[in-house]
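Take a look at the structures listed below.
Next, two complexes with chain A in common: one pairs it with chain B, the other with chain C.
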Partner chain A sequence: MKRFWNGYQKAIADDHYFYERSCIRQTFFPGSEAAFLKILREELGKDICDNPHQHTCTGIGYHSDVVPFDTTMTVVARLFSLMTEYGYKNYVPSCVTSFGVFTEMMTKWEEQPELKEKARQYLWEACKREFEVPENIVHPSDIIYKFRFDLKPKMKYQLLNRFTGRPLRVVEHIGCHYAKIFSHHGIGNAEFPYVLAGMIEAWGGEVIDYPERRHCCGFGFRQYLVQENRGYSIANTKKKFESMESYEPDFILTNCPGCSMFLDKWQYTIAEMEHKTYDREGYGIPVLTYEELAGLLLGYDPWTLGLQLHQVQCERLMDKIGIAYNPSEKYRGVSGLRHPSPEKPEFLKV
Partner chain B sequence: MANFGFKISTPRSIDLDNADRTLYEQMLEMVPSYRYCIGCGGCTATCSAGQFTDFNIRKTHFLFSRRQYDKLTTDMLPEVDLNKCMLCGKCSLVCPRGVNTRGLIVEMRKLLLN
Partner chain C sequence: MKKIAILGAGPAGIEAAAVLAANNCPVTLFEKEAQPLCNITDKAFLFPNFADAAEVAAAMRAKLDNPIITLRCNTEVAQLTPSYITGFQAENLTGTPVWKVNDELYDIVLLATGYTPFDARRKEELGYGIYPGVHTSLEMEKMIREGKIVNSLGESPKRIVFLQCVGSRDEKSGNHYCSKLCCVTAVKQAIEAKKQLPNCEVFVYYMDLRMWGQGFEEMYRTAQQEYGVNFIRGRISEAGGTFDGRVQIKAEDTLLGRPLKMTSDLLVLMVGMEASKGTRELATQCRICGEYGFAQTKDPHLHDCQSEAHGLFVAGACKRPMTLTDSINDGRSAAYEILTVGSINSTYEQ
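And now, the complex of A and B:
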């Protein structure tokens, strides 16, 4: 029995991580990765390498059949060679798609060692580099999950509604490539994924278990890359929103860049197309990444975390928690210049 | 509305929770034997109209029992055209459950096409 349940656990390294940034998170949730590095270095005192020579994992191209398997394998090998060069053994890819790509390559190399030798040969021929396979590969959400109780005493706020005193009701959404491909790489396996639910419960919130909880967010690569196909993407998102609507969630927590983006932005599109929002007042349901949530509760400035770049604005959520913020600083850039306010949507209130 | 270049695709899943049961309930009152159908397809196998057209009585029953009434009406191109049935009644003769299949078609026409 113990061995059986061990399949639902996951080894997460304690320290000395090699971080790999995501391609799309830098654009849509630009404060999340900086917040993660700050939390690890300043709050937890961990060593994490943010290497400037990193590059794409080819995930989006790979899953859209643009980049062939051998190329992806070689690109992954180059990223691992950077980790080897800088003396790290614990690999932490920021993106769930990258996490899926890396776990896939590592599994392939384990099952077919000749492929690993092929990758070594390609890498050497391409750029005269060598690599070692990471001893431990985890997603950053795994690390925050592991240290969730260490972070809790440092937090200024809890997931409580200060007006009612009740826990905030949270929908958690885990990226499909986190545990649905290689389930043993996810906390709680693919059956009982607990990585985000564990954070929510530890920090005072209440997890909503709704019918379409494990349904895809709509970020399937083939569904959105071609504009004409995006009706399939948004149909998935709509299905999830319709399923969660009656539970009246206070916000959605995600660990995947695509899920954060689509659950957030499609709310605007659905509102424009069907004049429908999934909260009572017409403001939409805010979507947070786990780094943004941890940063907010730790008392980081919401505008430094990049919350003003979300489609569904988070002020009402911050009011519920009691987080202090300065509205006049919302559109002031890091250079000190004040940027113009964005155009307002027609139907989604902001 | 802004033109996004795409529309929200309608899923093909059948939502029985939100389906309109009115017509189905009416049908059960008019043809009580409808509830005994086991979907064996005997009616379709013997159907004269089905030999020459795409009329499919078993499919008709399924669509109606799943409350997919729009697929049986002739406003758009219907999945099954109820007008193709010649009301010969052979389906009623072969039904192992004694369902009044001919009566079903007649009542469906009244409910959906009139």
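And now, the complex of A and C:
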């Protein structure tokens, strides 16, 4: 692929980050955020604050039109006040929708400074707190992208098929709120985003450019949250899978909680509805978050990363890369107790 | 005798030179390229009568066959400054400003530095430079001229899609103006494609078709009635490469009010006109740079070939998008103005 869109870059702070966790990621992909913190602290030696007083950014409610703008603005102001209180200036929201909300607020405040003053007033009236705006807001995937070459020498594995010696073929998918609201905030812009593609290429893989690359994953807030609209959600996901199928991807890499969830789970639903899977052998296409991928290549235990909670199972992918894992530990919890194996789907092989 | 320099040996510059020479005024014609008329010699046929572009270019070139016209090809004018800006004192006897063209002094300068085609890579969503099936209208013209309209595999295409207004009337690229000749050029190229490939399906996506010139509307009707060219009102939102090397486009048919998806062997982007680098730089140097980098005239109705700068005239597509016919006529008008207004109360000496 030609890559002149590489020119779209942005400032990413070097160190001292204030981390904001996602509302939903710890349920869907529970090891990802912990892996990110571990990579930053232990592999890269960075300072990152994981503050226990944080809360929602209202993103889901905001984009579903149930939380008004002023409320979201005030909640964002409170999160910034935490960052200020703990002495940080670089804000790193785990969720792509949070990232979209924060960049939107920053843009609004820049364009209409009176809104920022309003936010200060609301925050003070609500909880007597004050805030400074961050000097730098980036998504965690931006940070992993920035340090992708620093991580590479520490990695035990590469994105190579150990049976054929060829690079793994990877579909990358960025969340809409990463670059489609403000394209200049995304590395590589919205049309040919490079944030995940850069990781894939740096770590030995090959990015697949397929026709529906830019299409929505199917989450699309009101497509899914309004039950009557869920047909739109799965129809969009199906459109993407049909488009990527002939390229035979080894896995899908995402940077958004919704995309990871829907591209993974809807494969089961489509298999149940239409008896259709999108790999040759009926196992589906594994979906990884960028933290899971980095963690796997760094040699972290896949079950600590939470891969057992994926709908499409990742063992075949790990076998291709040559990643060592212990199948008998798959369903052992952190307490040491072994959980029962989940029921097997009828059509999607596991 | 007054010294006259014409910057740009395109249709306007050549026509002006010919008219001035016919009136016994020696002129020096500067051209940055190796040959004059570069923007015509890359065409196959010219609308509305499908005249052979090479024959028209040859006829225009013949006009330069006059001993008092000095043509200097491969000569880029980097400096164009009047004495009142630079302060140099080399004014001539009549007291009018003297223009410094590179290192030479001239009494009168005609700016005819023309346009440059819009760089289609700036519309990243359309995939030019990324997918081999995406071409510009200039590349299509070359294929038509050579009689080799082929897809990315070198085979005859079964379907060709033209897209209007690429880089014109477009917020994203910053060009709000209409480039004026893309509509009829697409109709012309669609007819040529059907002449060479009668079994090929041809679609033209448009916002609205501006068939303003003599014979244009008739060409549009002929394209539909005799050649079966399909016209769809709607813009293409994105293009992506397919597994078999074709191009998948997404668009909206705004007459039907429905989105649509289509796969084509070729996607031809009808690129608009922008002020050339020379136009932008020289117009800026002599303080007549107008909107979008085009040269500003003194008055759009009464003095359209004059500028606010004394002794500086403007002609052709350096002012705004123009067709070949308009450029020739404009060059003629500019010569007339130089002969009358430009000499400002003085007569030419023999």
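Just so it is clear, the second predicted complex is superposed on the first by the 343 of 350 C-alpha atoms of A that agree within 3 Å, B and C clash if a C-alpha of one lies under 4 Å from a C-alpha of the other, contacts with A are read in each partner's own complex, and residues count from 1 in each chain.
Quick note on the criterion: a contact is a pair of C-beta atoms (placed from the backbone, for glycine too) under 8 Å apart; a residue touches a chain by one contact, two chains touch by 3 or more.
Just so it is clear, the structure is predicted and the values come from calculations on it, not from any experiment.
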**Prompt:** In the superposed arrangement, does A:Asn189 touch chain B (first), chain C (second), both or neither?
**Reply:** second
**Item:** Touching partner for A:Ile270 - first (chain B), second (chain C), both, neither
**Value:** first
**Message:** With both complexes overlaid on chain A, does A:Phe149 touch chain B (first), chain C (second), both or neither?
**Reply:** neither
**Message:** Going by the contact rule set out at the top, does A:Tyr232 touch chain B (first), chain C (second), both, or neither?
**Reply:** first
**Message:** Under the stated touch criterion, which partner chain does A:Tyr247 make contact with: chain B (first), chain C (second), both, or neither?
**Reply:** second
**Request:** Would you tell me the residues on chain A in contact with chain B in one complex that are also in contact with chain C in the other?
**Result:** none
**Message:** Give the list of chain A residues in touch with chain B in this complex.
**Reply:** 227-232, 234-235, 238-239, 269-270, 272-274, 346
**Fill in**
In their shared complex, chain A is touched by residues of chain C numbered 121, 124-125, 129-130, 238, 240-243, 248
**Fill in**
chain B residues touching chain A in their complex are 1-2, 4-11
**In the complex with chain C, residue positions of chain A that touch it** = 1-2, 4-5, 189, 191-192, 209-214, 246-247
